[in-house]
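Next come two complexes, and both contain chain A; in the first it sits with chain B, in the second with chain C.
Let's look at the complex of A and B:
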């Protein structure tokens, strides 16, 4: 209870990052952990890797240059050690991002269907796996920044639909929602107070017309 | 909201005009006449926490047996902060209104008043005002030029709005920092 309000009620961006890092992503491993089926015991032990995991299957069955899905944090860790390259997600390329931007500009009232973790994944890959992306990273950064700014503007517009019970903004990502949360909670709580100050009986017909 | 909410306590200390329905001996000090009685129909400014109780609790019926039902001790009169002048100013332009100069706890007081009098019109106006003003607050908090000269709008916020601005601003700031750091 003694924690500050913003730590109790919302996530920090770092916590969002932590949540997103548990999502699967495809990698090209550069080493093999699978036990050879031919049982080639003659080879020296150092050619085989064994990773300590809770869920044994994907990580200890890596085959070099064969795509595998692992958690993002593991992918980033292996990438950092030069032991894999990450397959950038399909939406993270210039042409696709431009399509999203066009959609955002065309539909003033709607958000494009970006993945729920687009901002975090994009930022993580930009900083840790820039050489694995489909396009030059500075161009991608620009597009992501454009998208973010357009969407921020729309969020500001969308807030006029706020009422005491709900606010619907589809296709917002986790980080964007989290950024908005302190504001929306504050306003909605106050609106609730305002509305609960008058008695209920006649109120219902007046306010839901 | 809570028992220890300092803003709630401060809001309750705001003075509201009241009219006494009874002559009460010994209460003259409220008017400045120490030791005298307070006259019937005397107008006094009382803090809301006191006025609210006195306006609800009925007087002594035996003292005035002819009346139908007991009148409460005082009658609450419409305060300046909720006068029609202020209401019209809100309706015409909520963002331009200097809420802080009207009262630093405007929303809290307005909600208390609406509770006492079941004032639907006031709730409608408050709802509109809250939406318009908070959107402006969000604009300021999200664009957040740090260290810049505060705009005049920022000087007109009441206590609730200030807290909202602070929370919104810190959330947006953290996110912005995170993105830059990555």
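Let's look at the complex of A and C:
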């Protein structure tokens, strides 16, 4: 088969990570690529950047210790080479996460407005750029886990509202949607079948009467 | 000036270098699989579009294709541009990796005592990133094409039926790429021959049809139009053009009104919201790019 059955009509977690890695993030580069105006050599000392999936302009104009926005995968790659440090996003600090947790606990019926990729970004930064975070990584990990569990609990509660018509799920992140997908779609498709067979039956009863 | 000479040298050397051969042959493999048709056919539109936009569009196409029950129209111009870019980038990387060796030699000759290892890393770094970048693009392209092929297989009979149906708005050649069309025709011919030779031949003539839709159960498998999908309401592509379908609620929120046919129920799709919906309800909006599958 050209596409394995287990990723038909859904994504694998790795593919979700791939999608999220295209998002921009800020970095502090530790090297300069901007060509100085003096230009005493015909050939620049380093290779020029030319990319096909991301904007190469910022990368050709990097100045050390000046924040630049690049794609997350690029940031992680540079980080791995020790060429930059990553500016952790504003929501990824203890005080901010605590606010989200409070919001989640206060409003049982809705989800807080975390970024749509929070789980993956947190996971990636914890494992690859732990030294660039604002707070100690084990505490942040704890908060993220708390948030995740609260939200999972809510999702579990919300499952009893599944119906055959539609469902609104604002502020759910991509990874959460992906793990929810098989169950929710399966149940809703079955409900739809049950519903349509009932209405057909009713229709035929009316006909006979 | 120098770069031009490097390009020419790289072109001349292409056939003699082992590394290059693997790269080029790989490139050719890719193009046969993806089927890059007529490079440069889209030169006219090429100037206005940026690679970044194109990549975003490709990601959207990929995600929609993976999650939708039907086979979506093939983006001919976009794919042609993408495949041409892969080819160009492959060649560009080859050139750099050769020119890079040359630069190293110069650096060593100059040997001005300036941190040689540092500039070495700075030279390698863009190359490393560019290769990663290219691999990412190739992954999406591959996954996209494979997903489409899976659907071509699945809806083989349905597509045949579509091809016979003359009243359709979009011809089959708009839905499929040239290579996909050829694959589809040959694959379904082989499949039908197999079915015929193994089973159908031995059946009574009235039971020999494989595409009989008259009975209680349809034999041609159609896409499941009312299957549920997760959608994200993106809104109109640019905020400046007014969208007639978009309505503004009393609280200033923009939404699309859609109708669920089976239930005779109206639903408001708020811009920025995430919904689980039947595919046929939002199909029009997906085609127009106002709603994305997630």
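Just so we're on the same page, the second predicted complex is superposed on the first by the 175 of 209 C-alpha atoms of A that agree within 3 Å, B and C clash if a C-alpha of one lies under 4 Å from a C-alpha of the other, contacts with A are read in each partner's own complex, and residues count from 1 in each chain.
Assume contacts are C-beta pairs under 8 Å (C-beta built on N, C-alpha and C of every residue); 3 or more make two chains touch, one makes a residue touch a chain.
Values in this document were obtained by computation on a predicted structure and should not be read as measured data.
After overlaying the two complexes on the shared chain, residue contacts for A:31 are found with chain C alone; chain B is out of touch.
In the superposition on chain A, contact of A:137 is made with neither chain B nor chain C. Once chain A of one complex is fitted onto chain A of the other, the partner contacts of A:181 extend to both chain B and chain C. Comparing chain C and chain B on the residues of chain A they touch gives the larger count to C.
Legend: residue contacts after superposition of the two complexes on their common chain; A:101 is shown touching neither chain B nor chain C. Of the two partner chains placed by superposition, A:87 touches none, neither chain B nor chain C. Contacts of A:51 after superposition: chain C is touched, whereas chain B is not reached.
Residue contacts after overlaying the shared chain place A:167 against chain C, while chain B stays out of touching range.
When the two complexes are overlaid on their common chain A, residue A:10 makes contact with chain B and with chain C alike. In the superposition on chain A, the residues of chain A contacting both chain B and chain C are 10, 164, 181, 195, 199.
Contact residues on chain C toward chain A in their complex (touch as defined above): 1-2, 50-52, 55, 59, 63, 66-67, 69, 85-86, 89, 92, 96, 99-100, 103, 119, 121-123, 125-130, 132-134, 136-137, 139, 143, 146-147, 149-150, 153, 226-230, 260, 262-263, 265, 267, 272-278, 281, 294. Touching chain C in their complex are the following residues of chain A: 1-3, 7-11, 15, 18-19, 22, 31, 33, 42-43, 45-55, 59, 73-74, 77-78, 81, 83, 164-172, 174, 177, 181, 184-185, 188-189, 192, 195-196, 199. Note for the complex: chain B touches chain A at residues 1, 107, 110-112, 114-115, 118-120, 123, 126-127, 130-131, 134-135, 137-139, 141-142, 160, 163-164, 167-168, 170-172, 174-175, 177-179, 182. Interface residues of chain A facing chain B in the complex, by the touch rule stated above, are 5-6, 10, 12-14, 17, 119, 123-124, 126-127, 148, 152, 156, 159-160, 162, 164, 175, 178-183, 186-187, 190-191, 193-195, 197-199, 202-203, 206.
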